[in-house]
Structures are given as structure tokens and as C-alpha cells.
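What follows is a pair of complexes built around subunit A, which joins subunit B in one and subunit C in the other.
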Partner chain A sequence: MNVLLCSINTLKRLYDISAVEVGQHFYWQIGGFQVHAQVLITSWVVIAILLVSAILAVRNPQTIPTDSQNFFEYVLEFIRDVSKTQIGEEYGPWVPFIGTMFLFIFVSNWSGALLPWKIIQLPHGELAAPTNDINTTVALALLTSIAYFYAGLSKKGLGYFGKYIQPTPILLPINILEDFTKPLSLSFRLFGNILADELVVVVLVSLVPLVVPIPVMFLGLFTSGIQALIFATLAAAYIGESMEGHH
Partner chain B sequence: MKNITDSFLSLGYWPSAGSFGFNTDILATNPINLSVVLGVLIFFGKGVLSDLLDNRKERILKTIRNSEELREGAIEQLEKAQVRLRKVEMEADRFRVNGYSEIEREKLNLINSIYTTLEQLENYKNETIHFEQQRVINQVRQRVFQQALQGALGTLNSCLNNELHLRTISANIGMFGAMKEIK
Partner chain C sequence: MANMIMASSKPLIPVCSIHSPSPKLPVLQISLPKISKPQILSLAPSTLKSLSLLAASSLAFAPPSLAVEIEKAALFDFNLTLPIIMAEFLLLMVALDKLYFTPLGSFMDQRDAAIREKLSSVKDTSSEVKQLEEQAAAVMKAARAEISAALNKMKKETQAEVEQKLAEGRKKVEAELQEALANLERQKEETIKSLDSQIANLSQEIVKKVLPTV
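Then we have the complex of A and B:
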């Protein structure tokens, strides 16, 4: 009996160690909603990193930029470049949106890959990159959808919906479907990539804790950056597409 | 055996459920790998990033220097243009003053010549009036003379008889003789 209990205990513990905690969340009850607290916490950290570094960098702007100011101006230039190539001439008002998307996703991804989140212990689940959670990516993707609808409607008025029957009305269903597939593909691409990265690292760490995960972690860093860039580029491309049209 | 397994498992076992805390398990929290990754990233990334930023700074400096030079050139040109403007303005002033005096002189000349013309005209007018008066006076005189002659002739024709005729002739002869004597 004792042995049985002990073995059950052991199995339970074995399960605990081998459990890669996907789908385990630390819930907070806010109003009638259950929110994933670990995502909120890491998002706040990411937001804090971004805000503090940006404020520190531009607190005392110089004509000849100091190091941090130089870096942030370089980042801004990069974002402007991306939005200019994707949106076209009227990219100005959309730089903040694209920049927010890119920086938030990028810092989220890299924080997941570089910060030792797991040192901090939660009652349930574990801290990881905010983009590791589908809710975050869906929110970002829906924001993108709203943004490109707003862009199109504010540019062309109701004539924006004319693009649904371009070039032929036969394509109407497909064009309508596109509005649903765009946020879906955006959110799932980001979520899948980041989750896969972190899972691979976690699994490798749990198998061979040292050295072996390092190349995969570098790969994760690379894909994280690329995913942030892809998200920002696609968001800009969608906005540009809905603003262009041919008339 | 069980103890060993337990102790091994307890490495990976953390107090689940309930509270926040710190996970001190070095293998599970993975700080070694992370620090290696961070180190490599900083080691290689720093060079690339600082190169990038230095280039950018250089570019900005170059741009600033260029625009400074352009600005200086523009200021120089501006000064030159201002000097020229001042010179041209002075010249224009001179011309204007000259022109004004010329105009004044012309005006005076014109007024003077008009005055002389006016006087001449006045003279002509007076002369013409005088002449006209003279002519009218002559005409009147002639008319009066003619009428007097006609009156005299009429009187002569109407009331001249022989005796009177003779007396008149003799009187006239006497008068002419007297006139001849006087001469």
C-alpha cells in the first residue's frame, strides 16, 4: 500500500517535472472576465522596458545624438522605412501604429528568449513572452484589422467597399473571406512561432539542460526578430493596400 | 533507490499552487544558457550595433557640417546682396533727387515760356482790338462824310437857282483867289 502510494506520488512528481506547462494559466478575475495574469505581468514589464528606455533616451535630445538617442533614432528610422515602403506616400500617420506593433512584439519576443522569467514563480503557469499567448496575438491582429478598415474608410469613405467586387464580383466571397483570414493568419503565425520556439527550448532544457539548447535559443532569437518584422510589415502592407486601390 | 529518485525528482519539483516565489533550480530556470546567449549576443551584437550607430552619427555630423557650410555660404551671399542692395538704393535715391530737380526746372521753364506766350497773345489781342477800333472809326467817319456829302448835294440840287448859283460861284472864286493869295 505504502509502495503503491509512493509510486503514485512518484508518478505525480514525474508528471510534474515532465509537464511542459502549455495551457496552464494563472488566472485573475477582473469583472466577469478571467484574464491570464502571467501575460498581463509580462506585458507590463515589456511596456515598462519600452517606456522607460524611450523616455530615458529622448529626455534630453541633442542635435548631435548621444548613444541611446542615436539608437532610438535609428530604430525610428527603420520603422519609418518599413512603413514607407509598405504604405507609400501617406505613411506619416501610421508610423506610430506600426512602430508600436513592431517594438512591442519585438521586445516581447526577445524578453521571452532572453530574460530568465522562470526564476519568478507563479501559483499556476509560468511567465513567458506575452506573444506566447494567443490572446495577445489575436488582440494585436484585430487591432491591425481595425486599423486597415479605418485607413480605408477614412481615405475613400464608403467607396472603400468597392474593392470587394474588384476585379470581378465573382471574387466577392473570397474578398470577404480575406478580412477574416488576415487577422487569423497574423495572430496564428506569431503565436505559433513564439510558442514553438519556447517549447523547443523548454523541451531541450528539460532533456539536456546545458549547451545543447543554446543554438536553438539563437534560432529563437532570430525567428523572434523576424516574426516581429513580418507582423509589422504585413500590418503596414494591409493598411497600404486598403488605402491604395485603383481609383 | 527510491530515495535517489525522490531526491532527483525533488530537484525539479517546486512548491506548486498558492503563492509567488523564486525558483532556485538552476537547471530548470536555465540562467546559464541564457547568460551564454546574452554574452554572445552582446559580444557580437555590440560591434555590429556600434558600427551601425557610429556610421549613422558620422552621417549626421557630415550632414550638419554640410548644412553649416551651406548656411555660411548663404549668409555670405546674403551680405553681398545686401551691400549691393544698399548701393543700388543709394543710386536710386540720387537719381530720384536729380529727377526731382530736373522736373522742377522743367516746370519753371515751362511756366516761364507759357507766360511769355501768354503775354504775346495779350499783345496780339490788344493790337487786334486797337486795329478793329481804328477800322470801325474810319468806317463811321467815311459813312458820316458820305452822308454829309449827299446831304450837301441834295441841298444844292433842290435849292440852287441862277442867282444863288452865280453868287456861290463868285464867292467860291473869291475864296479860291483868297486861298491862292494866301499861298
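Then we have the complex of A and C:
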């Protein structure tokens, strides 16, 4: 029985070390509502990174750009290019939306892969990329939905709803369904990719702590970038689609 | 996750009939006690039975607080985080627009416009270039005229000098010639004079010799 208790203690210690926490959250109470504190904390860090780097780089623009300004100009041109390809000539007002979408998701994803969040111990749950949480991705996807409805309505007024019976009224149910599948697919694609990526890395690290997880980590970085680009591109494509005329 | 993989191999171990009430786990809960692989391999078959007992009982002995937390674990847990993230995103969008997209974008556009203006102004300077070319041609012409004038002048001067020297030389030669001729003449006269006196003597001797007995 002594041996038994000893083994139990060992197992419990192992449990503490190797617990992979999925769906565990660090809750805060705000006015009777619960929030996922780990998501909020990491999202604040991501926002701080974005704002500080933007301020530092764009504070004093030079005609011949310096290194950081050059990088930010490159990023801006990239975002403008994405928006222009998807939305068309009237892309100008949508650059902040598409750009913030891309940058926020990209920095969130990479922060999950590059910043050593796990060093900071939380009472419960653990810090990870903000996009690791379904709340974040659904929030972003719903904003995209609002954005493309706003784009369509401001461009064409109530005539925007005419698209539901285009090209034929038979497609009405499918067209309405599309408005639900778009945010659903956007949010679940991002959520699933980032969560799966982090889990694969965690599992490989717990099995083989050396060398082996490194290629998977690089793959994760690649996937993270691609997912950010896909989200931004699709958001722009939806906006462009609702703005283009059906004649 | 690793635990789940480990846990999935558990049914391979013969479980003896000790019924320990393991907590009912929600579907998405993945945290289970871990049994490291080397440990399994090092165990003799006889100990496997007690190991399975351990595994089961360790779940039973899990602290109640842990069980409560496990109950709450959820991947699809929507709450106030969602609207907060939305608000944060919108604030970030406004802030980035004010700090980054608009200032840097307008700055880049202005620079593009300035460069384009400079390029087009460069294209319009063909008349200026023509004028400059004419100036250059005029300068070249003047220089050529100057050079040829200088050349001509130099040629004339040289020629005059050469002629002068030639004339001098000729005069000198002529003077010497005259002198030489005068000398020759004088010598000739002297010779003729001496010859005259000799002629008289010779003719007397000839006469004597021819006419000895006269």
C-alpha cells in the first residue's frame, strides 16, 4: 500500500508537469459576466506591439525610407495590393479594416509561436495566441460580416438585398445561407488551424523534447502567416463582392 | 494531447476487476495522468496489474477542485470575451488608421506625386538642351576660328623669318662669290703679266737658237 501511495504521488507529479490544457480558461468576472482573461491579456500585448512598432516606424517619415519605415511601407503596399485586387478601384476606405485584420491576426498567430507565453504561470489555463480562442475568431468573422453588409448597403442602398434573388429567386435559401456560412467558415478555419498547430507542437515537445518539433514549428509559422493572409483576403473579397454591381 | 495518446493505449493492459469510480469526463477534456513510456517498458508483467489499478485510482484520488475545473473546460465557450475583442479590434483599427495607414499612406502618395512631377519636368527640358547644344557649337566654332587664325599668323611669321634668313644667306654667298671672282681675276692678270715678261725672254732665246749664225 505504501508503494501504491508513492506511485500515486509520482503519477500526480507527472500529471502536473505534462498536463496539456485544452479548453481550460482563466476566468475573470466582469459585472456578472465571465471573460477569458488569457485571451484579453495576450490581445493587449499584441495590440501594444502593433501600436508601438507603428508609432516608432512612422513617427518621422523620411523621403528616403530608413529600415523600419521601409518595412512598414512594404507592409502597407502589400495590404493596399490585397485590398485593390479584391475590392477594386474603391478600395481606399477599406484599407484600415483589411490591414488591421491582417496585422492583428498575423501578429497574434506569430506571438503564439514565438513569444514564450508559457513561462508566465496563470492560476488556471495558460497564455497562448489570442486567435487560439473561438471568441476572438468569431468576433473577427462577425466584424467581417458587418463590414460587407455595411459596404453593400452604403453602396447600393436597399437594392443590395436584390442580390438574394440573383440570378434566380430559387437560389434565395442558398443565398441567405451564405451569409451564415461565411463567418462560420472564416472563424472555424482560423480557430482550427491555430489550435491544431499549437497542439501539434505541444504534443511533439512532450514526446520528443529536442530537434524533432522544430520543423513543425516552422510549418506552424508558415501556416500562421497563410491563415492571416487568407482571412484578410477573404474579408476583402466578401466586401468587394457585395460592392460590385449585379447588372 | 500527449496524455490522450498515452491513455488510448491503456485498454491494452489487462484491467483487473477493481471498480473504482472514475469521474465522468466531458468529451473535450483531454487532461489525463501521464504514464511515461520508459516506465511502462521497465515494468514486469506482474506489476502491470497494480499499474492499472494505480492509473484508475489516481483519477479517483484527484482533488475535487481539479474535477470542478475539468467540468468547466470547454473549447466552444462563448462569453463576454467576444464583444470585448470586437471593441478592441475596432479601437485598434482606428488607432492604426490614425498612426499608420493614413499618415504613411498619404506620405507615400505625396512622394510618388513628387517623383512623377520631377520625371515629367525632366522630359520637358529638350529646348533647354537644344539651347545648350547651340551654345556649345558656338563655343567650338569660336575656338576653331581662333586656332586657325593663330595658325595662319604663325605660318606667316615663320615664312617671313625663313625668307629673311634665305635672303641673308644668298647675299652672303653672293658677296663671297664676288670676292672669289675678283681674286681669280687678279691672279689671272698677275699670271698674264708674268707670262708677258717670260714671253719676251723666250722669244729672244728662240730667235738666238734659230738664228745662231746670223
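We take it that the second predicted complex is superposed on the first by the 228 of 247 C-alpha atoms of A that agree within 3 Å, B and C clash if a C-alpha of one lies under 4 Å from a C-alpha of the other, contacts with A are read in each partner's own complex, and residues count from 1 in each chain.
Operating definition for what follows: a residue touches a chain if its C-beta (ideal position, glycine included) is under 8 Å from a C-beta of that chain, and two chains touch if they have at least 3 such contacts.
Bear in mind the structure is a predicted one, so any value in this text is a computation, not a measurement.
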Partner chain(s) touched by A:Val82 [first = subunit B, second = subunit C, both, neither]: neither
What's your read, subunit B or subunit C touching more residues of subunit A? C
With the two structures laid over each other on chain A, which partner does A:Thr63 touch: subunit B (first), subunit C (second), both, or neither? both
Looking at A:His124, would you say it contacts subunit B, subunit C, both, or neither? Reply first, second, both or neither. both
Taking the superposition as given, does A:Ala141 touch the first partner, subunit B, the second, subunit C, both, or neither? neither
In the superposed arrangement, does A:Leu51 touch subunit B (first), subunit C (second), both or neither? second
Have a look at where A:Val107 lands relative to subunit B and subunit C in the superposition and call it first, second, both or neither. neither
Please work out whether A:Phe71 is in contact with subunit B alone, subunit C alone, both, or neither, and reply first, second, both or neither. first
Kindly classify A:Pro213 by the partners it touches after superposition: subunit B alone (first), subunit C alone (second), both, or neither? first
For subunit A, what residues appear in both contact lists, the one with subunit B and the one with subunit C? 14, 17, 63, 73, 124, 206
Residue ranges of subunit A in contact with subunit B within the complex: 6, 10, 13-14, 16-17, 63-65, 67, 70-71, 73-74, 113-116, 118-124, 201, 205-206, 209-211, 213-214, 217-218, 221
Where on subunit B is subunit A touching in the complex? 2, 5-6, 9-10, 12-23, 27-34, 36-38, 40-41, 49, 52-53, 56-57, 60-61, 64
Residue numbers on subunit C that touch subunit A, as the complex places them: 1-3, 5, 28-36, 50-51, 53-55, 57-58, 61, 69, 72-86, 88-90, 92-97, 99-105, 107-108, 111
Partner subunit C, residues of subunit A touching it in the complex: 3-4, 7-8, 11-12, 14-15, 17-25, 30, 33-36, 39-40, 43-44, 47, 50-51, 54-55, 57-58, 61, 63, 69, 72-73, 76-77, 79-80, 95-97, 99-100, 103-104, 124, 130, 133-136, 138-140, 142-143, 195, 199, 202-203, 206-207
